[in-house]
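Same chain, two partners: chain A is paired with chain B first, then with chain C.
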Partner chain A sequence: MAAFVIRRLVWLPILLFFVSVITFALGLYGPGDPVQVMLGMHANPETIERLRHEYGFDQPFYIQYLNYVANALQGNFGYSLVKYRDQPVGVLIAEKLPATIQLNLVAILLGCAIGVPLGLVAGLKRDTWLDLVVRGIVVAGISFPIIFLNPVLTFIFSRRHEFTLAATNFTFSIGPFLPMVQGHWDGLFSPKIILPAFIESLGVIAVLTRQMRAGMIEVLSEDYIRTARAKGLRERVVVVRHAMRNALIPIATILGLMLGGLVAGSFLVENWFDVPGVGQLAFDALISRDYYVIMALTLLIAVAYILANLFVDVLYGFLDPRIRQS
Partner chain B sequence: MSNSSETGNRWLLGIVVILVVALFGAICLGAAAVFMLTQAGSPAAPALGATAAPGRTSVVPTRAPATSGKKVLRLPGGSGGGGDPPTLDPALAGDAESAVYVAEIFSGLVTLDPNLKVQPDIAEKWDISEDRKTLTFYLRKEVKFQDGRPVTAQDFKYTIERAANPATASPTADTYLGDIVGVKDKLNRKAAEVSGVQVIDDYTLKITIDQPKAYFLAKLTFPTAYVVDKNNVERGGRTWTDRPNGTGPFKLKEYVRSQRIVLAKNENYYLEPKPQVDEVQFILGGGSFMTLYENGDLDSTRVFISDIERVSDPSSPLNKELFVGPELSTQFVVFNTRKPPFDDPKVRQAFALAIDRQKVVDVVFQKMPLVANSILPPGMPGYTEPGGKPPYDLAKAKQLLAESKYAGKLPDITWTTVGAGGAAAQDIQAMTAMIKDALGVNISIQQTDWATFIGQLNDPSRNPYQIFDIGWIADYADPQNFVEILFRTGSTQNWSAYSNPEADKILDQAGLEKDTATRFKLYQQVEQMILADFPVMPLTYSRQYWLTKPYVKGMIYPPMIIPRLKYVSLEK
Partner chain C sequence: MATLLEVKDLRTEFHTQDGVVHAVNGVSFAVDEGETLGLVGESGCGKSVSVLSVMRLIPIPPGKIAGGQVLFQGRDLLAVDDEEIRSVRGNKIAMVFQDPMTSLNPVLTIGTQISEALELHLGMTKEQARKRSVELLKMVGIPEAENRLDDYPHQFSGGMRQRVMIAMALSCSPQLLIADEPTTALDVTIQAQIVDIVKRLKRELGMAVIWITHDLGVIAGLADRINVMYAGFVIESASNKEIFANPVHPYTLGLLGSIPRLDEAHKAKLTPIEGLPPDLIEMPKGCPFYDRCRFRAERCASENPPLELAGVRHWVACWNWQDVQKKRGPVGVR
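Our next item is the complex of A and B:
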């Protein structure tokens, strides 16, 4: 197992090399450049030339890349060029990462808490009305675009609703039920996290429900379940001890992979709910061609996914002896 | 058999338990970290908190500051849309979002009043030499930086030298200070010092420019010329603006990126009126300012098109809190005169006549902007009311197209617009449909992102777009900023690649003209020449819509960035 892990870790720098070269090249050779965005409509050829020179963008690709790598290896991931001019990229990411991790954690937990039981019920009551309802909810949940849910849920839960009783002067208001961020992100234990985390969790719920349902259906048709029932075990024991446990294995794998996604922010949810996270940073960096921010975020997310994959592979080794032996 | 399956199940159970424990462990760790950080950020521990150092950029999510007894004005960030300012450095701020804060924290020799007239600021008065190339500024003696150090002429010299230093990488030094003798040489590393700025004594500064330019003084009202403190800049390193030491009516109290910017009043401010509110809190982000405003959590908010119908309805209570004002900007449909078929003025005119601008404004924009029929927007010095409505004449459009050299062999047209995929903006869809219907032209829409778009536009000699839409917002209140910058032969912002030697000649003449009224007449003359040639079709004059609570007094929404928060008071 140790050899396996080491072999996989050796791949890490190689993968990172490819990821970084491709991202760097896309940034450099893709359309638009940060100097143009910085200058906006006030550009003139002289200024563009001068700033490109100051930032070293007029040097050949390999020199720019090697400079970047040399600096990165010393922990300097460059400075923001456009959106947060002259702020070190490391500082920016360190500032934004906590909110994104908090949001994603709550979203994954909500997803588990809702998705697993839903899938379990749907699988057990396959092809009954209950199954149909669950599947309907799941399809609806992922089909509503986030861009639609954001304003609608905000309107319902975060706004003061005023009512005037007809024919009287009696006015009353209810809400807001959930506070908005208002420039103060308060972390995990604040009601401010509920709405964005719920919307983020819809995808998780969909994946987990479907996986859990499929898993239950598959496991319930296995021979050992028939055997267990034939032995006269109570149905509850069959379901909980024999079926559910096995159906949870792929769920564990999915959750393992999701750990990699903890550091990846969501453009739509973070921007709408003012969550000061990586998603906002990435969005701003992408539209303004803030090279170094994009590079660092891509590398961070790549590393997170590579490690999460490794974690899942190791986990599989434990779960499946055939992989362990090979 | 039951034995081996039991072992397998135990394994699985173990894994699941480990996973769950790990997940909970991670949550607890995260929670503990957040708890500690929020504790550290609360006022009880000033070492890390918001109250520690003025202008501290905090990584820590702090709790809402106590506002008891203080007069706090709560606004949406930037020019109303939220978001972080790209920079707070006057030498780097070229965009409206940054300038909103820079104009409050810093100040310069001259400023604009709410009527956009140039007024004395740190300079109490100035003389202009006989040849109109030398300006001598006399500084007020009572002006201090926010840390108490007096401002002298040396500070202005340092400010201009710094902005012109190529290592500063100022995007605006060329445009706003480039008229000063020696600035361009220093930017291009041909000189070590800006020869056109001389310190006569502590409170007298002489600036020499390359030619007489009536609009130069207006350029000095832009942030690039705002005075900065050498100690502050040099000791603060690259991120010195985390703790800026300015001279403006407000100082930076707190900046938590993507969350909020808090300005506090500068007790040492030297001009009247002095700031009347204690603090101004800007909420960054920007998901749902309207909801915050309606909940009473913001004192003023900008209204965007999705809420226009609601606030414009006279029976809505919000309508009484509505302010509508000009923005000094004109939106254009631009014809690239270098690209067929728009090299033929008749084709350009035909396209312009085929578009019903009034309908676009009424239906698509819900009357939010005004229909444009001139290059200069209303409110701009030199603007004259155009005679009559914008022309819309389908018969004439068809006739012009038939007379053009592309009659019967019009190539396919692509309209380029900034967009993020999906459906293009509705106004573009409407206008292309009008052209297609009226002229039978095969026209399609191509969307591109802003970075690509602006990159192509900034090189007019190679701009590949045939027809596109773009707006221009005034940098300084002078017609030259529109008429010359956008239409002079060879100007980078001459997007239509328009070239009219006769117009260029009059522009030269206008630049040298002493008398303002005559000068404006010359610009108007050029404007008429341009409009007759149709390199662009003026589409709309933008307007800004704001809601403000009745207890906020003195709030102004000038169409340009000026220090405006000192006029505001709260009566509640």
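Our next item is the complex of A and C:
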């Protein structure tokens, strides 16, 4: 197992090299220029040239890249060029990361708590109306775009709704059900996290429900389930002890991979709810061509996914005795 | 001896998109205490479905037990509630399945899987069940049983897994063991070992056995009675000796002609049964074996023969069995 982990870790720098070269090249050769963004459309061409020279943007690609790598290896990931001018990128990301991780964590937990039971029920009650309803929810969940859900769910859950009964002229109001984040972020244990986390969890719910449903259906048709029933076990024991354990193995894999996504913020959710996270930072950096911020975030996400993959492979060995052996 | 299990006119069907598959069409048989009954026939003839129906392990839907009675110690298992059938399963009637590679749960240890039934039916504590599991594994000849309880199924070979399955089935000392082609997925030397184990344990524990196989050779040294099944019908039923010495159904003859014999000339050819069994969705009106039968007559196309007596406790479903008996030539006495 140790040899396996080390072999995988050796791949890490190689993968990072390719990721960094591609991201760097895209930033440099793509349209737009941070200096142009900094100085505005009517800036003096000479000033622009001077600033480009100062930042080293007039140097050839490989020099710029090597400089970047040399600095990065010393822990210096450059400075923000535009919105957070001259702040070190490392500090910026460290500042923004907690909110994103908190939000994603709650989204994943919410996704599990909703997705796994939904899938279980759908799988057990296959082809009944219950299954149909669950599948409908899943399809709706992944089909409604976040950009639509953001305003609609915000309107429904965080606004006051007033109704007047025409006959009695009696007015009553309900809501708000959930507070909005806007203004300030209170972190993990504030109810403000529920709405953005729920919207982010819809994707998780869809994936987990589908996997759990398919897994249960597959496992329930296995010979060992018939063996378990032939022993005279109660259906509940058959499902929980014999079927669910097997159906949960792929779920654990998916969740492990999702851990990689913990550090990747959602542009749409974080911006709409004003969550001071990495997603907002990345969004700002992208529209203002803030090279170094984009670079650092891309590398961070790449490392996170690579490590998550490794983690899943190790985890799988613990969950599945057949793999543990080999 | 007293009758342990009596199946009367059992009908099981499967409702599929293509139509109703008539898998078992009025099967009747009985097993006495301590008796071994062989159910023989080719794939899809309803052997497994019959015994799965007895245990009510047919998946419903698409399956449906459309009629009949399964009297076990006087109780109709098809009429009792779920609670009661569960108290019979694995306790009074236990089952060993065909493929030991897929019949054990890959994520649970062997110990857990054997202990389950002990804790459930005999109310043993975890430790008692563990102790008994070791005894059971020893009984089926698994070496170092103490150290193997915490192993997972994939750490056993196919033959060893089938031994585990047998240990599991015998854990509550059932009165009836149903073995559904337990040797089919194993190679021949292992087959012989498994047959020997079951024979020995049957003698020691005095249980009755229903042994399902498509291979008359396997059953020859094992069964007291043999039921030959075809297209969901029992078409011939007689004692072991009688089936081999005096088969009177053309299909049984065909089955016997298709197993190699040690006492025949070296170059003697095996005779396959030409053709295929009938479509179980659109069952023929007459004898289901009509299309493949060498002895068929006009009557066979329109009327399905019922079982009739052809000797001492020897039943056959054929209009022309007397003709078959005359014309079949020597069958050889074992």
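Definition applied: the second predicted complex is superposed on the first by the 299 of 326 C-alpha atoms of A that agree within 3 Å, B and C clash if a C-alpha of one lies under 4 Å from a C-alpha of the other, contacts with A are read in each partner's own complex, and residues count from 1 in each chain.
The rule we apply is simple: a residue touches a chain if its C-beta (ideal position, glycine included) is under 8 Å from a C-beta of that chain, and two chains touch if they have at least 3 such contacts.
Not measured: the values here are computed from a predicted model.
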Just to be sure I read the superposition right, which of the two partners does A:L233 touch: chain B = first, chain C = second, or both, or neither? second
When the two structures are overlaid on chain A, which partner does A:Y224 contact: first (chain B), second (chain C), both, or neither? both
Classify the contacts of A:L255 with the two partner chains as first (chain B alone), second (chain C alone), both, or neither. first
Based on the superposed arrangement, let me know which partner A:E200 touches: chain B (first), chain C (second), both, or neither? neither
If you count the residues of chain A that each partner touches, which comes out higher, chain B or chain C? B
Taking the superposition as given, does A:N246 touch the first partner, chain B, the second, chain C, both, or neither? both
Which residues of chain A are in contact with chain B in one complex and with chain C in the other? 224, 241-242, 245-246, 249, 319
Chain A - residues contacting chain B, complex: 31-33, 36-48, 50-51, 54-55, 79, 82-88, 91-92, 94-96, 98-99, 101-102, 105, 108-109, 150-151, 154-155, 158-160, 176, 180-189, 224, 241-242, 245-246, 248-249, 252, 255-256, 271-274, 276, 280-281, 284, 287-289, 315, 318-319
In their shared complex, chain A is touched by residues of chain C numbered 55, 57, 86-91, 94-95, 97, 99, 102-108, 116-117, 120-121, 152, 154-155, 165, 168
Chain B residues touching chain A in their complex are 5, 9, 11-13, 15-16, 19, 23, 26-27, 30-31, 33-35, 37-38, 59, 61-64, 82-84, 86-87, 89, 92, 94-95, 166-167, 169, 171-172, 174-175, 187-188, 238-239, 256-260, 281-288, 291-292, 294-297, 448-452, 454-455, 457-459, 470, 472, 475, 492-493
Please give the residue numbers of chain A that touch chain C in the complex, ascending. 222-224, 226-234, 237, 241-242, 245-246, 249, 319-322, 325
